[in-house]
Amino acid sequence: MTDIPQSGAFPADRPAPKGGSLLVTDARTKKRNRAERRFKAYGIAALGIGMLFLVALLWAILSNGLTAFTQSYVQLDVPLLEEKLDKDGDRDPAKIAKVSTFGYAPLIEQALTDLVERTGVETELAPKALTKILSSSAAAQLRDRVLANPELIGQTVSVELLASSRVDGYLKGRVSRASLARDKNLDAEHLDLIDAWRDAGLVEKRFNWDFITGADASDSRPEQAGIGVAMLGSLFMMLVVLILSLPIGVAASIYLEEFAPQNRLTDLIEVNISNLAAVPSIVFGILGLAVFIQFMHLPQSAPLVGGLVLTLMTLPTIIISTRASLKSVPPSIRNAALGVGASKMQAVTHHVLPLAMPGILTGTILGLAQALGETAPLLLIGMVGYIATNYPEGVAEGFLAPNSAMPAQIYEWAKRADPAFYERAWGGIIVLLVFLLAMNLIAVLLRRRFERRW
Amino acid sequence: MDNAVLNETKITARDVHVHYGTTHAIKGVDVDIADRTVTAFIGPSGCGKSTFLRCLNRMNDTIPGAVVTGEIKIDEADIYDPRVDPVQLRAKVGMVFQKPNPFPKSIYDNVAYGPKIHGLARNKAELDEIVEKALRRGAIWDEVKDRLHAPGTGLSGGQQQRLCIARAVATEPEILLMDEPCSALDPIATAQVEELIDELRQNFSVVIVTHSMQQAARVSQRTAFFHLGNLVEYGETGKIFTNPEDSRTESYISGRIG
Amino acid sequence: QGRDNVQVAGSSTVLPYASIVAEAFGENFDFPTPVVESGGSSAGLARFCEGVGENTIDIANASRAMREGEVEACASNGVNEIIEVRVGYDGIVFASDISGESFAFTPADWYNALAAEIPEGGEMVSNPNTSWADVNADLPDQEILAFIPGTKHGTREVFEEKVLLAGCEETGAMQAMLDAGMDEDAAEAACIKTRTDGVSIDIDGDYTETLARIEANPNGIGVFGLSFYENNTDSLQVATMSGVEPSTETIASGEYPVSRPLYFYVKKAHLGVIPGLQEFVEFFVADEIAGPDGPLAAYGLVADPELAATQETVANGTTMDAM
Amino acid sequence: MSPSWIALIVLAIAAAGFVLARARAQGAAKREERRLHSLPNYYGWTAAIYAAGPALLLLAVWLLAQPVATRSLVWPVLEAEAGEGAAPSLMMATCNVSPPGSTPPSRAARSPTPPRATCRPRRLRAQMASQGVALGSDVTPATRDAALHWRRISGTGDLARGIAVIGLALAGAAWGIRRARPDFRARNAVERAMRGVLISAALIAILSTVGIVLALVFNTIEFFRLYPAAEFFFGTTWSPSFGGGSELGILPLLWGTLYISLIALLVAVPIGLFAAVYLAEYAHRNVRAWAKPMLEMLAGIPTIVYGLFALLTVGPLLVEAFGRGGWLGLGWMQGGTAVMTAGLVMGIMLIPFVSSLSDDIINAVPQSLRDGSLGLGATRSETIRQVVLPAALPGIVGAVLLAASRAIGETMIVVLGAGAAARLSMNPFDAMTTVTAKIVSQLTGDADFSSPEALVAFALGMTLFVITLALNVVALWIVRRYREQYE
Amino acid sequence: MDNAVLNETKITARDVHVHYGTTHAIKGVDVDIADRTVTAFIGPSGCGKSTFLRCLNRMNDTIPGAVVTGEIKIDEADIYDPRVDPVQLRAKVGMVFQKPNPFPKSIYDNVAYGPKIHGLARNKAELDEIVEKALRRGAIWDEVKDRLHAPGTGLSGGQQQRLCIARAVATEPEILLMDEPCSALDPIATAQVEELIDELRQNFSVVIVTHSMQQAARVSQRTAFFHLGNLVEYGETGKIFTNPEDSRTESYISGRIG
C-alpha cells in the first residue's frame, strides 16, 4: 500500500477536459473522492474497532470485578473468657501469646451461639457449623486484638468480623440456596440466619477498603485477600523499571541512531535489540534467576530483582520506539544546530531529543504497561504464589523484602478454586487498570507539551 | 517586455482577509487576475505574498490556525464554496512552493507523481514522455537524465527548485502559482524558467511571486504590489514600474537593487 | 545474607495447602510468614537442587515424588540430606456441567472413549466412538468431549495410569494387543495414547480454565482436583468412578481409585539455620493442621492415614536415603 | 563505612570538585583575558566526573570482588571442618558473620546481633535464640574461628575499600580541578564521558543477549545429549510423556507460532495502521489526545484478561459462526480454542503497538511534504499513501516488527485461546499451540527437571531465539533497502 | 566596487575532491581565501558551490556517503586533522544554509541558542542584548520584535532566511559562510544584508554563494567561478567580471541576466 498503486495509474477514464467548472466535480475526481472517503472510513472503522474492543474488555472487567470492592461483615459480641486466654490471670504477654488461633475458635463459637439465641432464630446447626458464617480469619483477628490490648481479657468485646466468602457471595447474589445444596462449606440454613441478622443490622455489606490495602490471604479465606501489598510490590518494581529502562533505553537509542558508526558491531547491537523484543518473557525469568539470584546473590522474590528482569524486557520496546522517533526528526534541525557550533551531543540533547519526545513517551508507556501486566518472568524469580503478608518496613525493604506484584496476584487468584477469588482477580485488574490510566494520563499531558509539526 | 494583451478575468478576489491566529496577514485584498497572463506579486519580505498566493488554491486550509475570509472566484466559481472540491481545485491550480520540497522519492517518481494520480498517462511510455517533457521544461533534464532514479532529496538547492517546477508543470494545471521559483537559480536557469513561464502564458495563467523587480518586469504583464498585508497597487507591469501611483510603490521600486 | 523467612517453592497443586499452613503459621508464631511460590513441581525442585545456602529455597513442594535423576542432580550440587514429607493425597475427580446429565464411569469407559486406537478383531482401528452411549450403553447419549490435563501436569500421568491404563486392562484391550504381537511397552503406550480428533482436549492451564471450557461447552467433561470441585459445586457435578463417589473419606480409604500423593521436600542442612523452618515443617504436619479435621482437609486435602509416621520423620529429621 | 556512605561521600567530593573547577576556570578566564574553550559548567562537570566515575566504578567492582576474595580465604578453613559441599556457607550463616556492607540483614536491623567479640561457641546459640534467631546446631570452635577470621578479613577489606574509593575520588577531583584551565577541552571530555555512558547503555542489549544465551545454552546442550537433535528439529510430532518415549519435534510448535502470529498481525497491522493514519492525519487534536491513550490501554490490559476473553467470548462466538451447525454452516471449527481465536485476540492486544508508534512517526513527517503533494492536486488519502507513509516507513516497520515480536513471545493468550494441541494443520480453525506456550508449560510442569521433557524448554527457547534473530537480520536488511530519507 | 585590499590568507584549500557515492561533486579545487575579505562563489546551479562551502566547516561530515579528500587549512591548521574538533571549528566558521532551517522554537531561542552554548552572555540582560543586536543585523528586528516568543517556523520564507542569518552572526564567528543568503529577500532586505556583510568584512572573512552576479560584484572583493565541480577561475572580483580569463567564465558572465 505504500507504493503508488498501479491500478488507476494508467486509467481508462481520462481527466475531464480543461475548463470544466469547479462547481461540478468531474467523474475522476468523484471517484478519487470516493476512495478518499473510503480511506477515511477505514480509519474511523479501525479506530472504532479498537475502541469497541476496549469497551468490550472494560465491560467484562468491570462487570466481573466491581463486586470485589464491597465486602460483608458480621458484628459480633465475643466474650474474651479469662479461663481460655489467660489461665494464670497475670496478663503476661508471653503467655497470652502462647494461645494460638485454635484457642480462640471456641470463643467465637460461643459468641455465635449466643447471637443465635439473642436474635431468636430457630436453627438446627451445631455450634461448630455456625462458624462457617465467618471467615476463618476471625480467630486471628480476635487474637491480634487481644495481643495488642491484653486488658480486654475478661470483657465482652464487640468486634466486626469478616463474613465467609459464601455468605458474602450470597449477599452479592453469587450464591443461591439451590447451589448450596451440594456445598459442604455452607448450608441453606446459614442463610436464614444471615437474612435475620441482616434485618437486624448485624450483617452488612460495605465498601471494601481492605481489598485495596490488604495483603493476599490463603486459599481458605478469599474474603480477607487484598491487593494492597502487591500493589506496593508493583510500584517498587515499576520504579526500578522506570529509573533504569527509560534512561538506558534512551541512551542506547541515541547512541545507535546519532553516534554509532555504521559497522558490524552496531548492526549486531541493532539486530540484537529487535531480537530481544521477541524473546518470550519467561526466558527473561530464566535469565533473571541465573544472573540476579544465583550469580549476584540478590534476594529471592524481591521487587528489585523483578524490576531488573522487567527492565531487560522493556528495554527493546523503548529502544525501538525511541529510535523510530529519533529517525523521524528531519536532518535539517541537526544541521542547523551543528552550523551554529553546537556539538553533536548538544544538537541531540537540545533539539532532537525534545522533538522525539512524543515517540519516546509512547514507547515508555507501552513498555511500562507491558511490564506492569507481566507475570511469566516473575514465576521464575519467586514473585508468584503466596508471598507477602506485610507491608515492607521502609524503602530499602520495599525493594528487597519478598513481595508479589499485581499481575502475579491476579494470575494467582484467577487460578484458585473458590469463585470469590475469581471476583477478586477481576477486581485486581480494575486496580491495575487504574494504575495504567494514571500512567497514561501523565504521558498524555507530557506528550501534549512536546507535540508539534514542522 | 511584451505589450500585455488584456484577457478575460480568470481569478477574482474580493475583500480577502487572512489571519494566522492573532496575526492579520492579508487585509482586504481585491484583485482580478487575467487569463493567459503572467501576474507578478511583489513586495517586501513578510508582506503576505505567499499567504495570498496560497489562498488561491486553498493551500492555507492545511495550516492550523489560518483563517481565510472574503471571496475568491476562479472561472466564476467561488473556490471556498462547499461544493468545490479542493482536490479538483488544486489539480487546476498548480503550485510551486517557496521552499523546494521534493518528495523523498526518486527524481522520476517526484515528477510522475502528479500525472499518475490524475491519470494523465495511459501507459508507462506515455508517463516517461510526460516526465521527460516536464523535466525539460523545468530546465533540469540534462542534469538529471542519467540519475532519474536517484532520490530527489540528493539534489542541489537550485536543482530541487527546478525539480519542483517540473513536478508542478507535469500535471498541466490551468493556473500555475509560483512562489519565488527562481530564488535559488543561476541566471541561465532563471532564463530557462522565464522562457517556460512565457510559454505557459500562451494557454494558462501564471502568478509568480518574486522579489526581483527585473524579473517581474521581464516576465509579467501585470504586477501587484503588496505591503504589510495590503494590496497597495495593481496594474500593468509597465505602468507600475515606470509610473506608480502610490508613494509606497514608488519608494519600493526606486530602492531598486538586486 | 540474613534471610529471616522460610522460602518455599514448587507445585501449584500443593500451593493452596502450603499457603493455608503458612498463613496460620504466621498468625501463631513470631516468625515471619513463609514465602510460598508457585511455578510447578519441576521448577521448584530444580531450584531446590541449586545448592545449599541462604540464597536457595528451603522447601520444594511437589505433586509427585522426587525422581532418581533429580536426587542425583541435587547431590551433585551438594544438596544431600533431603527430608521427604508426604502431606496427603490429592483426589482427582471427573465433573461435568451442573445442568447436564450425570455420569457413572468406569476406567474402561474412559479408555474406550479417549484412546486413539482400540483393538477390534485383532486390528488396531482408530477410535470410532462419538457418543458416551457408544462406549457404554448405560451412559447418556451425549457426544464425547473431554478436557484432560495437558502433558505438563502430573495429573496427566495419574490419569493415564489409573484410568486409561486401568481401563485398557479392564477391557482386555491390553491383552488383545499383546496377543496381536505387540511388546509390553508398545502396548502400554498405545493404551495411554489419546485421540487427536478434537474429542479429547489437553488443558495446559489450570482447573479454572477447564471450568471455563465446560461453561462454554456444556457437553464437556473435565478432570479436576477434589478441592477445586468442592469449591465449585454450584457449577459442577461430579461423576462416580467404578461406583464410588469421590470424597476425602473414600479416597483416604482407597475406595476411590484416582488420587496422587502430595509431598514437600526439606533441606536438612537448613533446619535450625533458617529461623522458623523447623517449626514450620512440624506445624505443617501437626494433627491440628494436616489431620482429618484440620483446615487442610476442610479445604479438600485427603489427609494421609499415616500422618503419625510422617510426623515422626519430621521430628527425627530422617532423610530420604536413610529410609 | 557502609557502601552507601562511601557513595555519598564520593558524590559530595564530586560536587565540591564541580564547584571548585568551575570557579577556577572562570577565574582563569577573567585573569588571562581569554575565552574559555567550553562553558564553565563543563569544567565543573569534568571534575565531578573524574571524581565520581572511577571511584564509583571501583566501589562497584570492590563490592562484587571482596566477598569472593574473602570467601576463598576462609573457605579452606571451613572445609577442613565441615567437609566437602555447601555446608560451609551455612556454617557461616550460623555465626551470622555476614560481612558488613553486604545487604544489611533485615533481622539484624531489627534486633542487633550480639557484639562480635562475644561470639563464643557455647553461649552463642542461646544468645541468638533469645533474640528470635534460631540456630540449628551448636557452634563449633572451628566455625567460630573461621567466622572471626572472616570478619577480620572483611573488616580489613572494608577499611581498604573506603580508603581506596575515597582516595580515588579525591585524586580524580584534584586532577579535574587542575585541568580546569581555559585551553582544556572540557566539553569534549564531558561528551566523551557521556558517549561512554551511551555506548554502555547500548551494550546492555548485547549483555542481555549473552546472558540469555548463557542461561539457555548449558541446558540446551544437556537436552541434546538426551534427545537427538535431528528428531527435535525435523520431528513433526510433539507429544511429551512422563514415562519417557516422548516425541519432541519442534515443527508443529513453530508452525503454530508462525500461524498465530500471522493472524495476529493481519488483525493488528491494518487496524493499527489505519487508526494511526486517522489519528495523525484526520482526527481533531482533542480526539487524538484522548483516543490514542485509550488505545494504549489495550496494551496494558494483562494478557490473562485477553486469554479469558478469547476463551469465554471470542472462541464461542467463532464456533457459532464457523462451527458445526453455525450460522455459516461451514463446520470448520471443532472447539472454541483455535489459531483463529488466539490470533484475533492477540491482534487486538497488538493494535496499540502499531497504532501509537506509527502515529508518532507519521506525525513527525514534515508538513512541507504533505503540502507538496496536496499542491499537486492529490487527495489526502493519496498524499498519505504515497508520500507520508513511505517517508514514515522505517518507523512503521519498526512498529510492526515490535508487534510481531510481541506476537511471537506471547504466551497466556495462546494457552487459553489456542488450545494445547501441537499440530501441523492449515486450517486456522484448528487448535494449535506455540513454542512459547510450550516453553512455559514444560518449564513449570511436573516432569523430572533433568529429563528431556523439561529440558526441552531450553532448547525451544534457544531455537526460537536463533530463528527470530535470523528474521531480524532480514528485517534490518529490508528496512535499510527501502528507507526514504526526507530532506 | 571597492578596491580590494589584499589581506593575508585565512583559508587554503588544496586539491579538494568531494564524492557523494558515485557523484564526483568537487574535482580538485585549490583556493586561498583572504582574511577580512568577502569572497563570492558563483556558478551554475548544481556546480558544487554549496558542497565546497560545506567543506569549509566540515558540515559535509554529516552527509552519509559524502567523502572529502584533499587539504583545507584555516589559519594554517588542517581542519581535517583528527586533532581538530569540528565543533570548535564550526563555532569559528559560522554558516547560513541555503534552505532556511529555523529550529522549531521561538524566534528568541533560535538566536539565543548559539550564544548560550558558547557562553557569550553572562546573564539574561546581556543575552537579550545579543539577540536584539543579531536580529537587527539580520534586518528582521522590526518585524519580529513584538513576537519574539512566537515560533520561528511561523515566519515567511524571507523572514526565516533573515532569522537564520541573525542566528549565525549571533555567535560572532571569525568566518561566515553564507549559502545564497538573500535568495528569498526583497531588494531592501537584500541591501541591509549586504550592508551587514560589508560590516562583517571589517573584522572577519565572509564567503558568500550567490547566483546574482550583481550581488557578487557589489559585495565581494574576490570571486570564484565554479563549473561542473571545477574551480574555473578565481581572482579579484573586478577582474573576473570585466576581464575573465577562462572562456567558460566569460560565457557565464555574459549571459548576465537576473
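Should a chain be cited, it is by its letter among A, B, C, D and E, assigned in written order, with residues numbered from 1 in that chain.
Assume contacts are C-beta pairs under 8 Å (C-beta built on N, C-alpha and C of every residue); 3 or more make two chains touch, one makes a residue touch a chain.
Going by UniProt, the chains are A = Phosphate transport system permease protein PstA; B, E = Phosphate transport ATP-binding protein PstB; D = Phosphate transport system permease protein.
Note that the coordinates shown come from a computational prediction; the quantities given were computed from them, not determined experimentally.
Peer 1: Per-chain C-alpha centres versus the global one: which chain is nearest?
Peer 2: Ranked by how close its C-alpha centre lies to the overall one, first comes D.
Peer 1: By count of C-beta pairs in contact, what is the leading chain pair?
Peer 2: Greatest number of C-beta pairs in contact occurs for A-D.
Peer 1: With centres defined as the mean of C-alpha atoms, identify the chain lying farthest from chain B.
Peer 2: With centres defined by C-alpha atoms, farthest from chain B sits C.
Peer 1: Considering only mean CA positions as chain centres, point out the chain farthest from chain E.
Peer 2: So the chain farthest away from chain E turns out to be C.
Peer 1: So what's the Cα centroid distance for chain A and chain B, whole Å?
Peer 2: It comes to 59 Å between the two C-alpha centres.
Peer 1: Hey, how far is the Cα centre of chain B from the one of chain D, in Å?
Peer 2: Going by mean C-alpha positions, chain B sits 55 Å from chain D.
Peer 1: Between chain D and chain E, what distance separates the C-alpha centroids? Give it in angstrom.
Peer 2: 49
Peer 1: Which positions in chain D are in touch with at least two other chains?
Peer 2: Chain D, residues with two or more chain partners: 103-104, 106, 187-188, 308, 366-367, 379, 382, 386, 390, 443-444, 485-487.
Peer 1: Residues of chain E touching 2+ other chains?
Peer 2: In chain E, 87-88, 99, 117-118 touch at least two other chains.
Peer 1: Quick check: what residues of chain A touch more than one other chain, meaning two or more?
Peer 2: Residue numbers touching two or more other chains: 4, 32-33, 36, 289, 299, 331-332, 343-344, 355, 379-380, 414, 454.
Peer 1: Under the stated touch criterion, can you name all the chain pairs that qualify?
Peer 2: All chain pairs meeting the touch criterion are A-B, A-C, A-D, A-E, B-D, B-E, C-D, D-E.
Peer 1: Which residues of chain D touch chain B in the complex?
Peer 2: On the chain D side, the touching residues are 366-379, 382, 386-387, 390-391, 484-487.
Peer 1: Would you pull the chain B residues touching chain D in the complex into a rising list?
Peer 2: My answer: residues 57, 59, 62, 87-92, 94-95, 97, 99, 101-105, 113-114, 117-118, 151, 153, 164, 167-168, 171, 173.
Peer 1: In the complex formed with chain E, which residues of chain B make contact?
Peer 2: Going through chain B, the ones touching chain E are 20, 23, 42-46, 50-51, 98-100, 143, 147, 154-159, 162, 179-180, 182-191, 211-215, 252, 255-258.
Peer 1: Can you name the residues of chain D that touch chain A in the complex?
Peer 2: Counting only chain D, the residues touching chain A are 64, 103-104, 106, 187-188, 191, 194-195, 197-199, 201-206, 208-209, 211-212, 214-216, 270-275, 277-279, 281-283, 289-306, 308-309, 313, 348, 351-353, 355-357, 359-361, 363-367, 379-382, 384-386, 389-390, 392-395, 398-399, 401-402, 404-406, 408-412, 435-436, 439-440, 443-444, 458, 461, 464-465, 468-469, 471-473, 475-476, 485-487.
Peer 1: Within the complex, which stretch of chain D touches chain C?
Peer 2: Contact set of chain D toward chain C: 84-87, 89-90, 93-94, 96, 98, 102-108, 132-137, 239-243, 245, 308, 311-312, 315-316, 334-337, 415-416, 419-421, 423, 431, 433, 437, 441-451, 453-454.
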